[in-house]
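Below: one structure in structure tokens.
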Amino acid sequence: MLEHTAILTLSCPNRPGIVAAVSTLLFEAGCNILDAQQFDDIETGRFFMRVVFNRLEGGRPHDAIAAAVAELAERFAMAFSLRETARKKRVMLLVSKFDHCLADLIYRWRIGELPMEITGIVSNHARAHIASTDLGDLPFHHLPVTRQTKMEQEAEIWRLIQETRTDLVVLARYMQILSDGFSAKLAGRCINIHHSFLPGFKGAKPYHQAHERGVKLIGATAHYVTPDLDEGPIIEQDVERISHRDTPDDLVRKGRDIERRVLARAVRHHLEDRVVLNGQKTVVFID
Amino acid sequence: MLEHTAILTLSCPNRPGIVAAVSTLLFEAGCNILDAQQFDDIETGRFFMRVVFNRLEGGRPHDAIAAAVAELAERFAMAFSLRETARKKRVMLLVSKFDHCLADLIYRWRIGELPMEITGIVSNHARAHIASTDLGDLPFHHLPVTRQTKMEQEAEIWRLIQETRTDLVVLARYMQILSDGFSAKLAGRCINIHHSFLPGFKGAKPYHQAHERGVKLIGATAHYVTPDLDEGPIIEQDVERISHRDTPDDLVRKGRDIERRVLARAVRHHLEDRVVLNGQKTVVFID
Amino acid sequence: MLEHTAILTLSCPNRPGIVAAVSTLLFEAGCNILDAQQFDDIETGRFFMRVVFNRLEGGRPHDAIAAAVAELAERFAMAFSLRETARKKRVMLLVSKFDHCLADLIYRWRIGELPMEITGIVSNHARAHIASTDLGDLPFHHLPVTRQTKMEQEAEIWRLIQETRTDLVVLARYMQILSDGFSAKLAGRCINIHHSFLPGFKGAKPYHQAHERGVKLIGATAHYVTPDLDEGPIIEQDVERISHRDTPDDLVRKGRDIERRVLARAVRHHLEDRVVLNGQKTVVFID
Amino acid sequence: MLEHTAILTLSCPNRPGIVAAVSTLLFEAGCNILDAQQFDDIETGRFFMRVVFNRLEGGRPHDAIAAAVAELAERFAMAFSLRETARKKRVMLLVSKFDHCLADLIYRWRIGELPMEITGIVSNHARAHIASTDLGDLPFHHLPVTRQTKMEQEAEIWRLIQETRTDLVVLARYMQILSDGFSAKLAGRCINIHHSFLPGFKGAKPYHQAHERGVKLIGATAHYVTPDLDEGPIIEQDVERISHRDTPDDLVRKGRDIERRVLARAVRHHLEDRVVLNGQKTVVFID
């Protein structure tokens, strides 16, 4: 990654002149656009943009650019985010018993593939249950939960999120349903992996449902968590071919591969500011 | 295809000795097994098999083999089908306005890719609406339908099916829902192409539903028609990646490619006796 | 497609201010940017851009915009193309005996999927050999070729290209190798479909080569024709899974499906000005 | 996995009666066939079969079945293998610096997905270089190698293989070329992962070659090692889409995902006796 690189994402009502205004602002601030993608949603009249740029020698400091962007944002009624890529996002990982997604995310982080700081791992099960994953020195929090203690447990997770200044929460096969209130607090910054190709097979035991129905492909879906279970904005999906020979256990096994790559891609897209919310959908500026 | 080739498919309660019995029968009848695939459904205890064989010189005639197989079938309580591949299946194609699947099936038939006899084309629209497809000399039947005349129209199709000794009816984007009675008559020999990845997006306008939901892949499903709409046994499915840029019209365009290849594969599997019903599911012995 | 829509593609040495200059020019000319994609090739220092825009009411006429763009192009040393989408590209189709790609392209054109004018079909075989495709009223030219008459035959094709103001030549399974001189004349506007996943299995009978080698996937490659056979810039590729059961004939059959969809996508990308040459490679701004 | 399950694989010159002989033998020995797949190679006249069976109560002991199979094998000139699934294959993993395949295989083994015993890990680099993978208690052997010491190093690996009764050697991104002699010793039981879609981009730095050529998909190939580098029988391949935006580093990253899933599948197929050599090709009886 180049020095002094920053990423600007924005959305606003579409009107002529937005690209010219943004690109001129950056040019005049002494910046060079490295990548830019945009999208006009004709249905809603909304405009979306992602710009990666770096400051050339003699360019204006980041704060000055941020101030100029904020001014522009006001003029065009933009929602925007601006982040220097040197400041990595801070991520908390939640997991229950199946740790294949957790192990995969941690490995990718260790080899430098995912640009993030891991603020901790939270599980409703004891650390001994995460036996196949090397957690190293990562802070681990065992927060068991029952129907009676759910409110307290979520409050404790929320406290950890705030204390660690966590930007993103990843439900890496965390098999608890977040309460409406907690989901709302985490809107747009909590990614779940559901082990089916949504909207097919919502709810529990999707591989068993898929086996029962006799589908010829199974899939997984990474989406932002919302109070509507399995209805949040979809970030990434993928599928794989199965056959009549596959038992539900085979589907679980084949599904693990799909889940971990779908979740890893979604997390990566989020970490690189490639995902912008568009109502109940997402705009994903793919590399 | 080799001379004197025949295909035997069967299903029965599983018990030891079935493969030995079938292969010994064929060996003693002077036949050589060219391909054999089997499947034990552990859940239901049912056994499925597909055997392709040809008669060697001096082998017993087809009728004698058929009689021996029938006897064996009785002993093992087998449902079976036995067909000489020289006798191609007879297929009727039903279509409404969108003719991409029809054009594709006819082209594949013309170049010898699909081993079938086309007994006719039925549409609820006039021939002039099928303007982009060269129907050649294929019999075309314009059978318009309204809610009031549906019973008569289906009776007329049924009459054509019987008259032409049609083995298989293909709904190649035929946008009418068959009545329960008609579906029942065609059980296991009527294939529909639904333009979504079932069970997602049942019913009307699936591409618009998919766009609305913001999925990242769209698909198509070929299934046997049953009285339960979009719930029949699935034969084949496939998907393709889409993005936030795709309008519903783009999905319709991309979907055409998926639909025609999924339907062509399902029809091919059926024509080659590769599909065996297993309750509400299918066993597909893929090449 | 919207009225007064135009597509600008350009490439030039990268330097700050290009996006600002282009977007400001269009804004000041009374145009609205509908889509924009760009790419910085860090290795070569070259910048690529595709902009789709339409003129708003009161916007400057196309000729004035074209003049302004030409001026800008000079300033930034840009290679560029500017086309009103209402002016469709003119396409000539070359074919030998296998007509599955031809039939597919013609069908897609008939239903309005490919925005082009077909200027004619050229084959080294007689029209009777293209028996499975309905050519309708499209001009057909039978131009047989032998080693001795190749120069004359190519001269005749060239005459037809000029006479019909053909923009793009598509080798839709045209099994003759173009001479170096002819390839050079058609640089950047002649697309070939090769029936392998290049660079694997160059040259003749690639499916037989693939069968011989025992690969587990076969593919097809659409590329611009250059004097170096099978070495031209790749526009699109795709693959499909095969197995040990597949004979070379099966590969030919499965390959037809890959070939026609890869070629159709490549042609579509070209027709929509999505492909920009980058040395021996292509930049493809995918929708 | 059921008790007393065994897998028989065989290949022999094709002739009528093989399936009957095998299935009758198993039936009479008191066994039930759970799965059977076969393949006739028409080109070579060779027949291949894989049978999974279990002994029913009162069935003959494994040794007796083995003796009967050996007798049958002699009669039909069969090459065969017979293994009780309870006896897992013993696997040695070789690795250099990139440990993503190693980490993946070990994780799959830990959660019980790959039925194998790991006999040890060998690397030409020190254990400290395998920093991102938790090796646990697995024996690790640092065996550095130079051109001068290659013969001794291979002799030492060979000694370890024999000492640990290793059945299969996996080159999990082991970046040393095995000598011809060592390759010959390991014929049919050494799997390598090559980071390209062979036969494209043989040799060193395949992702850089792919980037240079401008292909639109990259892939990986798992194959048995032979003295002919990158020419061994292919077991499994897969690909993923890339774009002009991808730098060689991006290809390396995307490639890691392909490599590890292709290698894991190939190893799994081998461990389950699904792969049978057919000259320079493989027959893979996929589940």
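A, B, C and D label the chains in the order they appear, each numbered from 1.
Going forward, a residue touches a chain if its C-beta (ideal position, glycine included) is under 8 Å from a C-beta of that chain, and two chains touch if they have at least 3 such contacts.
Remember, predicted model here, so these are calculated numbers, not experimental data.
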{"item": "Shared interface partners, meaning chains that touch chain A and chain C", "value": "B, D"}
{"item": "Chain located farthest away, centre of chain B as origin (C-alpha)", "value": "A"}
{"item": "Length of the line joining the C-alpha centres of chain B and chain D, rounded to whole Å", "value": "37"}
{"item": "Whole-Å separation of chain centres (CA-atom averages), chain C against chain D", "value": "41"}
{"item": "Numbers and ranges of chain A residues touching at least 2 other chains", "value": "35, 39, 243, 245"}
{"item": "Contacting residues of chain A [partner chain D, same complex]", "value": "35, 100, 103, 107, 110-111, 113, 131-134, 243, 245-246, 250, 253, 256-257, 261, 287"}
{"item": "Complex contact set, residues of chain B against chain D", "value": "16-17, 19-20, 23-24, 26-27, 30-40, 56"}
{"item": "Complex interface listing, chain A residues touching chain B", "value": "39, 41-42, 197-201, 213-217, 219, 233-239, 243-245, 247, 278, 280-284, 286"}
